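First subunit A sits with subunit B, and in the next complex the same chain sits with subunit C.
== the complex of A and B ==
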């Protein structure tokens, strides 16, 4: 099962804003250029791209949780 | 001849050792957040230690070389790839025209330093090539690197295969200990609050950047009551404006301490409880968000001894590399 990893350390978010729906839900189709979450660091939000195609399996890292570079954020099948 | 930026990374900027002498005019010293790492990277490729290199935070850039040269990467631990083949950190290696330097995921630390033989030869502003983004000064048009930028290189000196003995590099403790000299406004917080500041564990906040490193997790400061002097704001953390030093610790609202770093403002209206000693400032440049930190109280004598020891360690590396 391919993993989507965090390219950098920071705080991971599942949705573009607290009021919004998550970028992806289990069962959603994933294309390489799709944004699956945001990592916030140094007052900047960085979009995390899937970089793979498949079906979204779910988030591994929690919403608004700290992540390290290389941590698995989500799974795609 | 030059280097082409294929991907800039998160925030990669041209940095040298900075532009001292203008802080009183509000222009920070700037320069590498981990000065020793930049110095050593330059030594490895035969440059003057103050030559301009690249500082990349959390993510490496992707660079295409338009000439044969030598490169060294120091600072944070991040896999180094030349045309996809691994290269070692703290080691100079030859790069041929057309080859591409890229990086894997950050493993330890926060900032890598990339030195190229001859150094990056953008114009100096106020005596330095360092990029001060907030002031749009230095570097390439005063901004971080962007895709398709071309970085001009200076004339290479004595480049050769060199490697730093890893035993000569300082090992970081966990939690990281930052030594602090209490300062001008230390008396503004109660004795209990002073003790708590050193007893409690703090963590690096994700907002930490080149201007300042913010810490959270400890208790709010408890102020000694006073009537705010004329000209100071109403919050007890406010003072009538004062000067800030490199390393000084301000605590806006008494909640989250901020250690001012290379691109910090030179003055303002927050009280500063003290300063992180100069010997530990490079260490801060390598802290990732959420790293656990303790502040350790020291006196001036200890601070000066630490600075001397740090210089001696750098001299040992300098001597070892000069012999190769």
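== the complex of A and C ==
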């Protein structure tokens, strides 16, 4: 089961804004260029791309939680 | 009430700067910090430290109850807000005063008044400070818009009177273009804001950003001359100088005096900055806004005037009068500051919150590095990317640029990607040395690949 890892340390977000729906829900199709979340690092928001194809299996890191570089953010099957 | 114990409600390099100023005045310091900042340099330097909450700023450095509780728990009698965070929050300044503590900055009412764009503009006009010429209020039809445009002079900006965020803005270079664009601007304003009213404002082409440092004690106000901050990327200042290049003595005097007049007219207390657009073509300057706090780039003013601005604002907050009169303030030489950020300028300024493995700092007379680093320090990812500010002082602008170039060569921050390569390239740039720069200069220069070319040569 491939993991999507954080490219940078920072704060991970599941959705583009607090009012929005998450980028992905379990069961959604995933393409490599799809954004699955944002990492806020030093007041800059970096889009996290899936980089793989498959079916979204859910977030591993919590919304608005601190993450380290290399932490697993989400799983794709 | 003389301050005995000061709570520093900020982080990073400015927290270090405030502690140094307080120590020079014999004042005890308490450093407020988030859980993610327990190992920062200011915590190590302060007499005491107090944790005010978790890493996100909203729950720590921006939490008014947490900061007030920290002051109470530690017996501090004053709070320095630094810049950013709560520094221009009138509600915070008011709460600090109501808690019986000294706020190192102006009164809450002054923060409120100068923080509101329309009220600040009215205040500036009343103090005799020039503002960007525009229509007297909103215009409803093309004929009134044309009359207003002819009054202020083309080119003009057509803005939605109810608007913001750039929507509905059009540039008209002459009467024909205005006649064509005004209806479009009206309908776009109507669609976006439900109000088709327009505002006509003179367009200043390629303006420079010049600002004036002021100090006030609530009664008297003085200026500490001007700074040039035209090199900006995404509205963030990158390279700052004191003074502005190429101003004649009369313009400099009028500009600086207008800032002191404005500060005096509002009974300003503490350190502040009045920002202007400067039109190189006409030599005219126009008020933009006033920042009611100490600014990142304050050291260049300190270098050329010899005034410790942070110590001065703490003394004033403790009830002292200004220690200087205007005729005691003079400019000696030229100073330049560059912002060293944890960003990779060769990869779209991607943030780089790494670990500092080694540090070598430039030394010598007229060289200063304001920072919060030590070897082994892990830069937290939760806050802004400013690592430090390299500042140089020399007899002339040319000599200051040379000194900056050699100081940059001597500065090494191992393990990090920083904006040092950008500053090295700028120090070698002929347009900058010749003063052929303005606020719209840096971004096209970067987009044209000049930085990549300069670093490949090096």
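Please note the rule applied: the second predicted complex is superposed on the first by the 77 of 77 C-alpha atoms of A that agree within 3 Å, B and C clash if a C-alpha of one lies under 4 Å from a C-alpha of the other, contacts with A are read in each partner's own complex, and residues count from 1 in each chain.
Everything below uses one rule, namely that a residue touches a chain if its C-beta (ideal position, glycine included) is under 8 Å from a C-beta of that chain, and two chains touch if they have at least 3 such contacts.
Computed from a predicted model, the values in this text were never measured in an experiment.
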{"item": "Partner chain in contact with A:42 - subunit B first, subunit C second, else both or neither", "value": "both"}
{"item": "Contacts of A:66 with subunit B and subunit C, given as first, second, both or neither", "value": "both"}
{"item": "Subunit A residues touched - subunit C or subunit B, whichever exceeds", "value": "B"}
{"item": "Which superposed partner A:9 touches (first subunit B, second subunit C, both, neither)", "value": "both"}
{"item": "Intersection of subunit A interface sets (partners subunit B, subunit C)", "value": "8-11, 40-44, 46, 66"}
{"item": "Contact set on subunit B toward subunit A in their complex", "value": "10-11, 57-59, 105-107, 110, 206-209, 288-290"}
{"item": "Residue ranges of subunit A touching subunit C (in the complex, touch as defined)", "value": "8-11, 40-44, 46, 64, 66"}
{"item": "Residues on subunit C engaged by subunit A in the complex (per definition of touch)", "value": "36, 55-56, 342-343, 350-351, 353, 381-385"}
{"item": "Touching residues (chain side subunit A, partner subunit B) in the complex", "value": "5-11, 40-44, 46, 66, 68-70"}
